[in-house]
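Okay, so subunit A shows up in both of these, paired with subunit B first and subunit C after.
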Partner chain A sequence: MELKPCVNIRQEWDIVGARQLGREKAKELGFGTVDQARIATAISELARNIYLYAGTGKVYFETIDHLDKKGLKIVAVDEGPGIRDLSQVMQDGYSTSGGLGAGLPGVKRLMDTFEINSEWGEGTEITAVKWVR
Partner chain B sequence: MRIPILKLHNYLLISIQIDLDDQSAIQFQEDLLNKIHKSGATGVVIDLTSVDIIDSFIAKVLGDVVTMSDLMGAKVVLTGIQPAVAMTLIELGIHMQDVQTALDLEQGLIKLRQELEG
Partner chain C sequence: MPKRVDRIVLDNSDIIIKNWLKIVSENRQNDYTSSISDELFQSTNREFVNVIFDSLGNGGGLTTELESFSERLVNLGWPLSYLTDGLQTFRRVTIDFVLSQHDQIDTDFFSIILDRVDTWVDPIINKLVNEYSGSWEHTVSLQRVALQELSAPLIPVMRNITIMPLIGTIDTERAKQIMENLLDGVIKHNAEVVLIDITGVPVVDTMVAHHIIQAAEAVRLIGSTCILVGIRPEIAQTIVNLGIDLGKFPTKSSLRKGFETALELTGRTIHREKKQETIVEDIMNQLSKG
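Up next is the complex of A and B:
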């Protein structure tokens, strides 16, 4: 099996590194400029959440190449404190860090599929896919 | 990385041409406010033509710097926001309603002159 490309999020600059790699992958797959911006922005939000709330974590990229459709899957994983109330973090404007509270609900709107798994005290895993149209 | 801030008469001109990381964005916020203070500029144009991503953090820093400059007495216009960036911002849920914008640097300067000279 091919090793999935991954960016370690350890410092603030890694957020930029992750979204640049994501944009490159998106371009290779044939996404248009607007979708490239959507994907890069979504990665930026996910990577920042890792940096802000968990300290460290990883963002994986996986190319999906089926016969009938192609896409990019992004998986953001951390072993941070986890999310206590999932419904709360999916509300627009909710933030515990003084941000705009646009992050997760925004990522959901920018991507085609969005899945979040989080165990309080165990960490968080977010998977999001964008399909090439 | 420091973003250069140019002075032209009463105006300050900034063209952001790097992929903004959080630290550079915050540094820019501070540099711009100091420059307004030192130069007595009444208008600022921040050109975003070369910026191909604005996430929620950068949007917050930009929105804040507009409000902060306004508090100091300088009007800010953001110019050159790319179509993809505008679409992404709205989908993120960020509307930046109190922020003046213009299509490009030239239109931005015209807008500032209209606002400042009535």
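Up next is the complex of A and C:
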């Protein structure tokens, strides 16, 4: 198994660290400025969710380099309280913390693929990929 | 017994110093101090080992020399590992030397040597580590204060118009300050229009957008208008992707456009004044006609 770069999220400033690393990876892969901003924003949302709801967690980055396409995979993992109703959090405007409620549905729109696994009481794992065009 | 160990070490300080200097100089090849000149390195080493022996001569523990030495190294920015490695080496060299002085060593004597050397070296290491981490903490807290001073400035550019330029990441703490400074400033400068410039904000996610929306709403409640300016094209796209509604207040791509709008809102327009010469020419023309 290859070693994946990872950022631990423990405090608010770690979100900036995760974002910076992700942006760097995106730049290396040849993403344009708009996609770089999309990726950085998506990382920011995922990392902030970890910070807000789970307290601590990790954000992994993986560069995908196939013959026909390249991309960046972001995996956000935490062992927090988990999500009770997945369909609810994917609705625009739903928030339990008084925010805008655009985070997760927003990430789904910012990235190309989006997958969420969550077990109530056991944590959450979100995987999102953006392909280089 | 411990006294005997002390005496052996102090009486043979020359040999121990020589061994220590040799090992430290050898270790130097592959590490951090390569940017420091040879002379400085050697003289610092000599001073370091003298400071250690001073401390031993006083029965171990801290001396004013040691304090001033460590303080100077902190200020010069020498790595902490230079000092800890040096002391580690000193421990090894000293133990090796004392053991080599005795042919037969029982375990009791061995543990006395270890114990004795530890009581010399450990307080020095603790002191140095504290000194260094204290200086780092001091730097970090100073930088935090400096950052806070930069975090949310408000510039009154014209009567009734103020600008808040935002640069860098916005976290919860800063968002609070932005809101406070904005509302205070609007009242203090009697501003009708406030321009929030986000040209220097690298990422606008839902949290940042939420805080900006709240700030703008609060400004609206106290009777002023908030214009969001400096929205770069890629930021505009991510805001649309996130599905954030910024429709409640005017937004502009650049500070210039925002400022023009602010002038309009306060009932002013920009006029280019005719240059002095052209006015004189006009008068001359009229005179010559008449």
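Assume the second predicted complex is superposed on the first by the 132 of 133 C-alpha atoms of A that agree within 3 Å, B and C clash if a C-alpha of one lies under 4 Å from a C-alpha of the other, contacts with A are read in each partner's own complex, and residues count from 1 in each chain.
Keep in mind that, in the parts below, a residue touches a chain if its C-beta (ideal position, glycine included) is under 8 Å from a C-beta of that chain, and two chains touch if they have at least 3 such contacts.
Bear in mind the structure is a predicted one, so any value in this text is a computation, not a measurement.
Student: Following the overlay on subunit A, give me a clash-or-fit verdict for subunit B and subunit C.
Tutor: Clash: subunit B and subunit C overlap once superposed on subunit A.
Student: Using the superposition on chain A described above, determine whether A:Arg48 touches subunit B (first), subunit C (second), both, or neither.
Tutor: So A:Arg48 meets both subunit B and subunit C here.
Student: Which partner chains sit in contact with A:Ala40 here, subunit B, subunit C, both or neither? Use first/second/both/neither.
Tutor: Touch status of A:Ala40: both partners.
Student: According to the stated criteria, A:Val16 is in contact with first (subunit B), second (subunit C), both, or neither; which is it?
Tutor: both
Student: Where does A:Leu110 make contact in the superposed view: on subunit B (first), on subunit C (second), on both, or on neither?
Tutor: In the superposed model, A:Leu110 contacts both subunit B and subunit C.
Student: Identify the partner contact of A:Lys130: answer first if only subunit B is touched, second if only subunit C is, both if each is, neither if none is.
Tutor: neither
Student: What is the contact status of A:Lys25 with respect to subunit B (first) and subunit C (second): first, second, both, or neither?
Tutor: So A:Lys25 meets neither subunit B nor subunit C here.
Student: Across the two complexes, what residues of subunit A are contacted by subunit B and by subunit C?
Tutor: Dual-contact residues (subunit A): 12-13, 15-16, 19, 33-34, 36-38, 40-41, 44-45, 48, 92, 99-100, 102-103, 105-106, 109-110.
Student: Of all residues in subunit A, which touch subunit B in the complex?
Tutor: 12-13, 15-16, 19-20, 23, 33-34, 36-38, 40-41, 44-45, 48, 92-93, 99-100, 102-103, 105-106, 109-110
Student: Within the complex, which stretch of subunit B touches subunit A?
Tutor: 19, 21-23, 52-57, 59-60, 82-85, 87-88, 91-94
Student: Which subunit A residues qualify as touching subunit C in the complex?
Tutor: So the residues of subunit A in touch with subunit C come to 12-13, 15-16, 19, 33-34, 36-38, 40-41, 44-45, 48, 92, 99-103, 105-106, 109-110.
Student: Which of the residues in subunit C end up touching subunit A in this complex?
Tutor: So the residues of subunit C in touch with subunit A come to 169, 171-172, 202-207, 209-210, 213, 233-235, 237-238, 241-244.
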